[in-house]
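Next come two complexes, and both contain chain A; in the first it sits with chain B, in the second with chain C.
Presenting the complex of A and B:
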């Protein structure tokens, strides 16, 4: 009899194992381990440098740019936006714990009430509308872009800490995961094809960065004219590069993508407003 | 007897006119790209994004994603196999990164033939 119970409970276990999907933490670990296996000499912390982690020369150039970032004036503009009071006298700092310090690494978070992913940009807009101001457009780099460029500096060094709890949150995470892994468009590429399967390989002249760390350092100022790119503007750029019509910046598909993509960066330190090629 | 019917004459004039147009159009168009140009162009084959071509000094790339394209005749004695690889690389390897150039109409059949002729010489 004892034996039978033991057998049945074992079968039950097997059933449970077969039913359970890989958890977000399993996903993240296996992606990180993939990078570690291929590049055992690159420290986990250095994943935040992305493609620069593979090229000491490019990293040296980056360090030189970062000693006196030529886009500091832009971040100052963002600081002004952040500090200016709304018409009702309230400020952005009033909408966040710790006056907005060390909060950005908790975003995107899942909101059980609306059953939707809330990005940091959305939280900033919610702060505006709750205080009677019109929301900014997520794709407007001169308002939302500059505001986040400063607001995120308040979370520099915070570890990315995305949570996926409950079945609705998991569904949003899974939808972002599908997006990241699904091949699309004429060229038949997926994000994962470049940033998971070909990490550290060179696409014509560019090292391909690892997915973990990619969500930690936004906005980035890119190119010769230091154009401001929020993370979702970068998604649109990667979509365009492979000849896909980019989706809406701030739309639900990119928000879910950002949720999954940011989870992969969990445990890595944020650094706002970096320079990228 | 000797007379050409008016319709035929009109048709003839038409042919001449169209031929004229074609000639004008040809003169304006840049000449059709070669296999090498198609292979290098990042809006066409963009093969250099993923393949080096050690046999062609003009092929400048730092990529290490895919096997270098060399000794193609030795490795693909059957030209049709090479054509098939470029037409739809997912047939041989479902997980490949290589875009299905023919199947997804990234290159026309004619363009693929030119590219294949070119890499066959590498």
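Presenting the complex of A and C:
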């Protein structure tokens, strides 16, 4: 009898775990299918190009810039930061599996100990503090931004592989999902209102990109002066666009948002430090 | 939207009224900071500042609310009570609307 109860309760756990995992995957699939239905000619892999997928001209300009990226010197600065040893002789590469190759696609990940989402930027800072260095500010593009501009290139080609396991992770995911679908700002728009419901439509002069693929290619160098934008800096810019005062870059709300948002890119290949208008 | 606007006006008006009832003693600190602002203007500014802060904490602060609060603060520096009241009302209204927006149904699936 005891065995039977044990067996039944364990089947119950398995069921619960399966349910938890099904839900984000259902979300992702339905968002991807929405894009596929509206744009059957755009290949899934090409979602990483975002708005460029709707405009051959813009894509041609992108390809031209990417042949010899004018911001290569910036990525070099990032490489220098990455390779410089800490005072204790350790390096960033010592903090990550495979010396930091093919890791970025696992971030953000959920840390069961702190019950918090850990972004790649946070992992880099944890590496710094564990080795006696002061953390960088997440909003500082000249340190954290440049460092990620190089560190993420080490994961080029890796498929986004975000995991949501357990009820605390799911709660963080759900909080990010709520943010994505919550109307904000004086213009009363949610992220989803632009990047799910209005994909492919033109806002002023820009095609609106699809949510899946949006998290795969950061940081981006934007505009005529190639300003460096981390993903969360882009969140801040989109918030500002609808007249919302941006939230803290590296704060818990944006981290949870990044967790959900990155999950939507699962299965798509990473390519760091691309050009964007 | 109109309902919210009225509610925001009422909230602002209500606290003005309260301020009147409570008298100037409560707001002596504000008055000291801005000796030539009227009680009403000091109170409106204090109210707007606190509503804007609340909206910010909730991640619901509209740029229009901060913009209006900045204008109210500038007006306070110039000791222009009428302008303070006018901008502070806009700031608290816009901050209030931002917070109310968080109660809207979720959008876009």
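As a convention for this text, the second predicted complex is superposed on the first by the 255 of 277 C-alpha atoms of A that agree within 3 Å, B and C clash if a C-alpha of one lies under 4 Å from a C-alpha of the other, contacts with A are read in each partner's own complex, and residues count from 1 in each chain.
Just so we're on the same page, a contact is a pair of C-beta atoms (placed from the backbone, for glycine too) under 8 Å apart; a residue touches a chain by one contact, two chains touch by 3 or more.
All values reported here derive from a predicted model rather than from experimental measurement.
S.K.: With both complexes overlaid on chain A, does A:142 touch chain B (first), chain C (second), both or neither?
M.R.: The answer is neither, since A:142 touches no partner chain.
S.K.: Quick check for you: in the superposed arrangement, does A:178 touch first (chain B), second (chain C), both or neither?
M.R.: A:178 contacts chain C only, not chain B.
S.K.: So, does A:85 touch the first partner chain B, the second partner chain C, both, or neither?
M.R.: neither
S.K.: Specify the partner with more touching residues on chain A, choosing between chain B and chain C.
M.R.: C
S.K.: Considering only the touch criterion stated at the top, classify A:202 as touching first (chain B), second (chain C), both, or neither.
M.R.: It touches chain B, and chain C stays clear.
S.K.: Looking at the overlay, what does A:247 touch: chain B (first), chain C (second), both, or neither?
M.R.: A:247 sits against chain C, while chain B stays out of touch.
S.K.: Tell me which partner A:30 touches in the superposition: chain B (first), chain C (second), both or neither.
M.R.: In the superposition, A:30 contacts chain C only.
S.K.: Figure out whether A:188 sits in contact with chain B (first) or chain C (second), or with both, or with neither.
M.R.: both
S.K.: Between chain B (first) and chain C (second), which, if any, makes contact with A:99: first, second, both or neither?
M.R.: A:99 contacts neither chain B nor chain C.
S.K.: Show which residues of chain A both chain B and chain C reach, each in its own complex.
M.R.: Residues common to the chain A contacts of chain C and of chain B are 186, 188-189, 193, 197, listed in rising order.
S.K.: Give the list of chain C residues in touch with chain A in this complex.
M.R.: Interface residues on chain C, with respect to chain A: 56, 59-66, 94, 97-98, 101-102, 104, 106-109.
S.K.: Under the stated contact criterion, what part of chain A meets chain B in this complex?
M.R.: Going through chain A, the ones touching chain B are 186-189, 193-194, 197-198, 201-205.
S.K.: Quick check on the complex: what are the chain A residues that touch chain C?
M.R.: Those residues of chain A that touch chain C are 30, 178-179, 181-186, 188-193, 196-197, 240, 243-245, 247, 253.
S.K.: Enumerate the contact residues on chain B facing chain A in the complex.
M.R.: Where chain B meets chain A, its residues are 42, 46, 48-50, 61-65, 90, 95, 97, 99-100, 104-106.
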